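In what follows, subunit A forms one complex with subunit B and a second complex with subunit C.
Take a look at the complex of A and B:
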């Protein structure tokens, strides 16, 4: 779905991301773990075009398959017909280089970013927040479709429908996170970038959010790149993971291998190995 | 069949991305955790960040058996010993074997890679695999054993030796797949004939052979006599036992598990890459090993790249069967032996520069190694009893230190042929 090759990002003189190479296959959940300041958010923001990488690196997005952008329902049917379980070419011949595209163009290409701290518009209603997520879909047919998608999202997150007229700022943290995800889904993404969805939430609420993420992948074959400080819960739902340390990817592998890796356990899973 | 189709048939561009990611993090880890690599990288002013493509690996120095010996026993481990759950050994060039460590993840991955090899060779979960490789310090039977378990097949860990019992197990347990050295497979076939076993009645279908060089005529003979489909598989004890590469049912080269091992084929003299399809020495870089990663390890094994895609659908490139060694290592009964190891034992016993010759031949199907030793002045004795004792002592030492039995023959001084003052130390009469 997406691959990064040798991506460097600088904040002034600070080398925030060093030769990062990473890929996510279609339908995968990939976790990006690491300490504060390791470069996780930088990496996500670089994919979504909010930050510009230094020249030399590449960020390639696989082109949409099957014509129409496989959003909510579209992807659902694609998942059924494409469920051969065999090797799918994740990189088709023409890949789309994202490094010089604007953020809104990247959204239109099928990449939605759920930012750290949700960033919902507090004074606006829940419904308006969700609708704003479809800003890239113009034309009468697309708007009709957006209304259908919204109905589907309400089925998935009933609490948002109950509170659709409430101001978003009055929602609980977990509800705001669901709202931020729903808003991102309104752009019918193929790839969802999730930045710390569990931040500041009670463990049970985090678990619920994570259940929704798995559900989205399973039902719509959505591809997810997930940044999380809570490494254990992220790796528990992820297929694979990458470990970032001071801007470098120092380790990568299947999630169960990372969970069993002592370096990861010591540094990120809070396990005291000497006891 | 495939064990992990999404990886075994991976798109090449995607594979290269995966290899690059894994190479970058492997190099970063060894530069941080293994003093030898840190020093070497500093010497050439190399930062793992400078690896931008897979070809950049050519800028790095090779790792040799000598490096392993210099860092004996644990110097090349990339994790603390407490994280190692398994130790195996590989033969060193002199005296001591080198030590190779595996973490929990390494052992588990080893099983999965061996399962791919087994699936490529025809096995499914319905098969009964008899592993007649030794289970010991050397990796031998372990890889395929784990592989069969990962695949869900049944394993019969019969280990090596005890020929008649092996045959009885094949018959009674209805073994469907046999893993051993190719010469041992032919030997077992002879034993079956002696025992009057009706081979038509056996359940054998698959044969997985490795551990020593063999040939197409041997493959045909094994297939005809045992009624199996015979495939080749490859492991390097410094890298990982069986599981590095394996043949599919096309029987035309061994698919290297390229998502875990980056391989190059070099000219052992110039150290440059050989032209595609030319024979050279296999060099392997591990991409996922945690305990004992190796960067550009010179295996000493001579092979070539089999060009073109394979009809089986796997996209991993293939190497041809191993045709020999770029150094003087011998493989006797599947065990790696260097003449320098023999020399070290003799030096220790004799205390002087020994003149000796190793002759290897096939006695029936099996290797037979004989050591001819010139009696030096230190050893000179008229007593038959003393001579016999000396021979026994040498035999015991060789057997315990090299894990291979030798016949030992004392010969008179200056009776071994010399060229340029040096004895030709090895005569290999085996025809494959």
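Take a look at the complex of A and C:
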């Protein structure tokens, strides 16, 4: 679905991402773990176009299949196991380079980013927040579909429907996270980038959010790149994982392997409280 | 002081206040999408009046078309300002952009003086000058035009911001720009549009006021300042506070001129503003600073 090759990102002189390479296959949930300041947010923001990488790196997105928007429900679980290794050559011919595109173009290409700290529009209503997520879907048919998606998301997150007239800023942290995810899904992404959805939430709420992520992947045929400091719960729902340390990817592998890895356990799993 | 003169001051205060309110609304729209205080806002009002006179007298368009052309020309100026002086600034800070708008306002005023000279020009009233009597006070038809058009604009703006995707997207830019980008909103286009919308509102205000106060190249400075005062009075960032602030300012000014002395008319606005800022720094209708952070 997406592959990064040798991506470097600088903030002025600070070298925040060093020759990072990573890929996510269609239907996968991939976890990106790392300590504070490792560069996780930088990596996601570079994919979504908020940051420009230094020249030389590549970020390639697979084109949408069959031209049509991905359906709501469907072959989610089949897609999960599919695409082993074969995905990259399949889209090598007409992959889309993201490194020079603006964030709104990237959303239109099917990549939605749920930013760190949720970033809902606090003074606007919950319903308006969700609705604006579909801003990029224009045309009568697309608007009708967006309305259906909104109803579907309300069914998944009933609490958002109950609070639809309330100002988004008055929601609890967990509700705001659900709202931020629902807003991102209204753009009908193929690839969802999630930045620390569990940040600042009680472990039970985090678990609920993570259950939703798996469920959403299946229902919306999503591919997910998930950033978390809470490495255990992230790796438990992920297929594969990457470990980022001071801007470098130092380790990668299937989620079970990372969970069993001594170094990972010592550095990232020891501090987990909810286990 | 009899009732008729009080009513008279109220009417002229509301009329002038409506223009302050429209100017203040222009400030608010740009401020809300970008955080910039656009000090060229008063020039939009000036251009609305001057272009109307120009299109009427020089190109000979009938009055309604001349006003429409003036508004369109000012909107084009607004778009030009954003594209050519705001957008090209690399990694700008807000202060830099605000200073750019001050520079732009000086340039516009200078150009207007070069092209049109220092004279004041009259625009004919939209529907005649025959005054209407109302409870002993006199109302010009133009007063009714000003109040009516202001109300219509206010209602249309309310609908635009609360009822359309585009309007909501502009609001979203003001509340959280990063989230706007990430939801596929073209923030640059919203900024451009906010300048055009502000120019539209400012120039309409200028065109409808010109028959009462005349138009000249330097009308923008004081109107801009009064509009800004109205903004602060109503609470910066609140569109309806801005409109209300304008009306309140206009009425207080008119009573001040009537009861004290018209020589101090312009000072009243700023005295009121200073007084209010001591008591309520966030404005009459503003939220306290803590909740906006």
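As a convention for this text, the second predicted complex is superposed on the first by the 249 of 275 C-alpha atoms of A that agree within 3 Å, B and C clash if a C-alpha of one lies under 4 Å from a C-alpha of the other, contacts with A are read in each partner's own complex, and residues count from 1 in each chain.
What we mean here is this: a contact is a pair of C-beta atoms (placed from the backbone, for glycine too) under 8 Å apart; a residue touches a chain by one contact, two chains touch by 3 or more.
For clarity, every value in this text was computed on a predicted model and none was experimentally measured.
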{"item": "Subunit B versus subunit C as contact partner of A:172, first or second or both or neither", "value": "neither"}
{"item": "First (subunit B), second (subunit C), both or neither touched by A:262", "value": "first"}
{"item": "Which superposed partner A:120 touches (first subunit B, second subunit C, both, neither)", "value": "second"}
{"item": "Touched partner set for A:104, first subunit B, second subunit C, both or neither", "value": "second"}
{"item": "Which of subunit B and subunit C A:5 touches, first, second, both or neither", "value": "first"}
{"item": "First, second, both or neither for A:248, with subunit B first and subunit C second", "value": "first"}
{"item": "For the subunit A and subunit B complex, residues of the former touching the latter", "value": "3, 5-6, 18-19, 21-23, 25, 56, 85-87, 89-91, 248-253, 257, 260-263"}
{"item": "Parts of subunit C lying in touch with subunit A, wherever the complex brings them together", "value": "165, 168-169, 171-172, 175-176, 178-179, 181-187"}
{"item": "Contact set on subunit B toward subunit A in their complex", "value": "5-6, 9-11, 13-14, 17-18, 20-22, 24-25, 28-29, 49, 51-52, 79, 83, 103-105, 108-109, 288, 290"}
{"item": "In the complex, subunit A residues that touch subunit C", "value": "48-50, 102-104, 107-108, 112-115, 119-124, 128, 131-133, 135-136, 183-184, 187"}
